Every structure is written in C-alpha cells, then in structure tokens.
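Take a look at the structure set out below.
As written, the chain order gives the labels A, B and C, with residue 1 at the start of each chain.
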C-alpha cells in the first residue's frame, strides 16, 4: 500500500473542538436565561402586592381599581374568587380523572399484550397531545350547551379532567410496571382475591409513583387558561356552585391583563400561580426521586 | 523491580516511571512502571483483574485521559518522542487500539468502518485510495474474502469474530506503529479466538503488538515477551518462555499456577 | 378464576371504556360541529385566505391560521433546536453526572412548569420591547416574537427524551472513535448523533406538536391579524389563537368554522404526535 500523505490538521481540529464546547455552553446558558428572567421579574414586580387581602378578598372591579389609581392608593381586593374557583375546578377534575385513570392504568398493566390494550394506550397518547383549546371547544359543545346551559365550573372541570386522564393512565401503568412481579405472584400463590391484590398489593406498593403522576398532572392543569376561557368564563365573586360561571387564577390574570385599570395586578397573581405550580412540580420530582432510589 | 526488565534495543515504546491514579491523592492504579517494548513482536500484559493492566495499556495512547480526574506521572516515548507532548490526534494515528468487545460503528457500512479513522480525522481520500486501503486492511485481517460481496452492508450483521477482525482492520487502516489490544478475544468463542490469535501472529511481522489478556494460555501461545502486573506494580517482565518455565517472582509463580486471578 | 375475580376484571375493563367514549365523542362532536362550515364552503374552507364575519357577506377560510400555526411552530422548532441540542449535550455528554448538569436539567424542567399565560406576559412586557427596540417590528407583535416564546416553551419537551437517548449511546463506540484520534466534537457528530438520531428526531417532532397547539402565549403576542403573514415580523393568527380570540362572539356559521379549525388542529397534532410516538416505538 502506498503511503498516503496526511496533512497535520490537529491544530485546527483541536481549535474547532474547543469552539464547539464554547457554543454548547453558551446555548445551554441561553436556555436557562428565560427561566431566571421570568422568575426574577415576577418576584420583583409581584411580591410587594401580596398581602392578607390578596388571599381573602375577591378581585376588584374596574371602577374600584380606577378610583384607587386616581387617588394614588393601592388597588384594593385580592384574588380569592380565583383561588376558590381554581380549587373547585381542579378538585372536581381530579375526582373525575383519578379513579378512571388508575382503573384504566391497572387494566393496561394487567393485559399488556392485548390488541384492545394497545388501542387504549395509543388513544391515551393521542389524547395527551390534543391542544387544550380544542378540549375547551369540545367541552363547550358537551357541557355548556347541553348540561349546565351556561358557562360553569363543571364544564371547566370536565375539560381539565380530559387533560388529566391520559397522564394518569400512563403514569399508573408505568409505575405498576416497576413493581417486581414476584410481589404479585406471592399474593396470587396465597390465594388472595384479585381485587384485594389490587387494593392491598399493587396500589400500596406503587403509591409514591401514583402520587407523583397525580401531582404532575395537577400542576399541568393548574396553569391552564385557554380551555377555561371557553368553559367557565369567569366570575367576579366567589362561587361554589358547579353549574355557575366561576373564576380561576389564570382566568383572573387574563382579565387583569386585558383591563388597563387592573393591569398592575397581573404580577402578584402570576407570581402566586407560578410559585404554586413550580412548587408542586418540585415536590413531585422529589417524591419520584426518592421512589426510584429504592 | 528493575532486575526484571529485559534489555530491548531500539524499542518502539519506552515507558519510564509511569504512575497513574484515578483521583488526585487517590490510590495508584499503575505504580512506577518502566518497560521497553520490542519492535515487531507481541508483548502480553497479564495479571489478575484490577491489577492495572488495562490502565497501563490505555495510558500508551492516552485513552485513560477520558477519565476527568486522572493523574499521570512519568513518561512514555514512542520512537523517542514523548506521547504526552504530542496531540492525541497525532498519537492515536500512530497507535491503533482494539477493545474487549467488538465495536464496529453500527451506523456505518463495513467499507466505511475500515476507513472510519480517515473519516473521523477529516482526511479526504480519492476513491482509488479508499478502495485500496479497504482491500489491503481487510486482506491483512483475512476478512476480505468473507465480506467482499457485502462491503456496503452494515458491519453489525457479521459474527462476533468477524466483527473483531473488522475492528482490527479499522485500526490497521492507518498503518500504525503499534496496535494495542485490550482482551480482544474475551467476548469470542474458541474458534473465533483461534483465528484472531493466528492473525496476531501474522501481523507481528509488520506491527508491534501490545496485548492485555487474562487468559494465560493465550499469552503463552502467541506472545514473545510478557509482563506480569499485580496491584499496579510491574512484578516481572521477561521473555514469555522464560517467564512461564522459570518465573523469578513468587507472585508470578502463584498467578501462573492458578493461585489467584 | 372465581366469580369475585371475574367481577374485578370486568370492573377494570369497564373503567377503560371512559377514555374510548371521550375520544370517540371528541371526534364525533368536532366533525358534527364542523359540518355546517364544510357544507357551506367545501374544501375551499381549508384553502381560502378570506376571514370575513360581516353579516350577510360571511366567508370563512382557515388558510391564514394554518399558515400562521405552521410558520410560528417551524420557527419555534428552528430556534429551539440549537438550544435543546446544546442542553442535551451539556447534560448527557460533556458534564454528565456532574452537579452543574443536574442544576441545568432541573432548571430546564422548570420551564415546562411555567403556565402559558405567564410566558405570554413575559413576552408582552419583556421580549416585545426588545423586538421594538431592535426595530424588527413597530409594535413588537407578530410571528417572530411568538416563535421565540414558543421555542422557549418547547425546549423541555425537546430535551427530555433526547437526553435519555444520548446517554444510551454505548461508551465502547465513543471509545472506538477516540482511539482513532477523533476529537470530542467529532465523536459527537460521527458517533453520538448518528446513533441517537431517531430518538433526537422523535423528541423534536413531539416538541413541534406542542408548539402547534400552544394557545395563550401566542394569542398575546402574535397580533391577531386574520391574514397569512407576509414576513417573519408580520402579525398573524394561529389556529389555536383564533379560536381563543373569536370564540366569545361566535355562533352559527362562525362557531362552526371555529370548530372546523379545531378539528383541523386536532388532526394535525394527532398526526404529528403519532409520527413521533411511532419512531419511539420502533426504537424500543
């Protein structure tokens, strides 16, 4: 074999290698810049507005806000109607989605190879990707038009429950898959009835995994605005009737944003919402991290 | 230890007082090793697992530096040039390496696997050059007749032994001065192992081969010189025949008679 | 199997019906609600760029919104790829298993937790003035501004899967390349990327699917003009944002047209997500 003249390109390649590392670090830092800026901006602008009445009073109307502003006073009121509305809607959604999600997840775990299970799994995957605004549209057609005949907390809950359902199904199945099969076999060998195996073995031994899935799905739906605009509309007062229009924290932010007199209130309510969602997120990650060590 | 070191004239590799630790201040994986490696021969490095033989091998082409906190003391000369003063790009072109498990690139064809070194190093070759390198390298590892019809298929469908010979061809394509092999037959069946061993004996006519093995009979069969390492130290370095028939150190004797390892 | 076990099995089976009913009902309602619009405009509904709600001269076409959705989402994907790819390399290759990598990946995960409306506010009050200041667009609204925000929003979706895939590239392949003299960058582009390619592509497809359906942030930033954007800095509307914007005043043909847009959005996102999941399934 003839010797092939090889040009020494090591200098330029080593330089390129270093430049590339620089680029990677630069873009990685650029990626986390927004989260730092966003959190920083909300904290700086929002923290001063948070006080006791923020949690106990309903949102002001635009006139109250305008008068307060004209007199140089702080805008009165809080976001209690939003907080109570969010609690009502999310709890209702969770009550609807969690049992069915867990039941379906257990079913998928118990019948892994079946064609029907594969179809259910594919549907759950597709449903997970459906834009939330489309869910709002559909639930408007179902609940607002035919069941409550008005915008309602129930309608909002149904749309959020549809968001939660596939998340719970998949997280339940994935969690159950991680349980050692011997655990179940031991129970079966002892002649324990099937429903008791589920209630006494499967669910308790996968509890932290299920909880993580539930918390993550709740943190996903808590910040949702778009479907609620089409289903619960909003309410200036605290409302606990699920057939009536109801406010929610993200809806209030949207309302404040669109009202020049109240626009200053967006920062505190956004800070509150984001803080809540991120805390839930972090708690669920902690639980799942602990879980995976064992 | 120095009394164990055999005289080598005009060595290809000269390892001088080499010590390596995986952490600063940590335990030495290789302790003060000095060795000259004979040209156009097979040198085996033996020892029980954890004795530092792989670390020593990897220090020769500086692959051990992939561990971030590694500490290296001493020097290694390749044809009188300090490898720690060279760029790794240049060094690794002169020293090829073959690993425990066959690792052809699964995304490349057999043809591209052979010239992968050129591709990775950004060296452009003419079509005729490429074809010549591929054919010569595959002939050198006795794989040409088996794969000439399927050069543009992925290398991963080959048998384990064929894959390992393909990896040797990949290392040969650069015409390196030295080939390092890290237990190259530990993942192969006896028949494939025998073929690789025959191949290595054939290759030593033109290449200097350094072979890590914990298969003693393999070292006995094919190596000219042998090192025995224990707990990071080079216990004994001698002609293979001498070491197997008349070990000077009791630890070597213990290892060769199967007391540990 | 005794009776009580059978009852349990049927109970689980029956529980799994709900998601079928929901999915079936969704398709039924979307198609049913969209029929009047398609009946009136035919396939022209998809291709027409005219959106005119004036009574008597009502005419609805979805093209401006399909175009707006595609342009903003593709732009978002293009902007997010260098960031997502760099982050993946940072976390799964260069600084793998180090504390800085876990800090970075935690922060990137947090991006997924920020509500869409908060992104919208940040885009409106922080990003928009920058765009105006740079003279890119007079009001700072439009496709470009939305694209940047969407890019930030989808980064965690683009990285989570590709991080896992990059970590899984066998070490022995990387070592083979290093032993042939490759630099780390060459190992990345010649070994890691080719071996992790389908997983990386799948995660970017899924991230793209996220961008398609994002509503609030885009609604607040795109300028809500019912026309096909002429340039990157022009205003427009997406399928999701037009539904959010125009739904409040809608009934009759307009409502049906919005539902038809919802149906189209549903179909597009389902196709994109299925493509992504299909690649992932082939991987495992």
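Please note the rule applied: a contact is a pair of C-beta atoms (placed from the backbone, for glycine too) under 8 Å apart; a residue touches a chain by one contact, two chains touch by 3 or more.
Predicted, not measured: the structure shown is a model, and the values here were computed from it.
Chain grouping by touching, computed with chain B excluded: one piece, all remaining chains connected. Remark: among chain pairs A-C and B-C, A-C carries the greater number of C-beta contacts.
Chain centres computed from CA atoms place B at the largest separation from chain C. Chain-level centrality, scored on Cα centres against the all-protein Cα centre, points to C.
Separation between the centroids of chain A and chain B, computed from CA atoms only, is 54 Å.
Taking each chain's centre as the mean of its C-alpha atoms, chain A lies 16 Å from chain C. Between the Cα centres of chain B and chain C there is a gap of 50 Å. Counting partner chains per residue, chain C has residues 183, 186 touching two or more of them. Among the residues of chain B, those touching two or more other chains are numbered 89-90, 93, 121-122. Within chain A, residues 13-14 each touch two or more of the remaining chains.
Against chain A, the residues of chain B that register as touching in their complex are 87, 89-90, 93, 121-123, 125, 129, 132-133, 136, 175. Looking at the complex, you find that chain A touches chain B at residues 1-4, 6-11, 13-14. Those residues of chain A that touch chain C in the shared complex are 13-14, 16-17, 20-21, 23-28, 30-32, 34-38, 41-42, 99-100, 103-104, 106-108, 110, 120, 122-135, 137-138, 140-142, 162, 165-166, 169, 193-195, 198, 219, 222-226, 229-230, 250, 253-254, 257, 266, 270, 273-274, 277-278, 280-281, 285. Residue ranges on chain C touching chain A, taken from their complex, read 1-2, 4-5, 7-9, 11-13, 15-16, 18-20, 22-23, 25-26, 29-30, 33, 82-87, 89-90, 94, 104, 106-122, 124-126, 152, 155, 183-186, 188, 206, 209-210, 212-216, 219-220, 240, 243-244, 247-248, 258-259, 262, 265-266, 269-270, 272-274, 277. For chain C in complex with chain B, the touching residues are 170, 172-173, 175-183, 186-187, 190-191, 194-195, 197.
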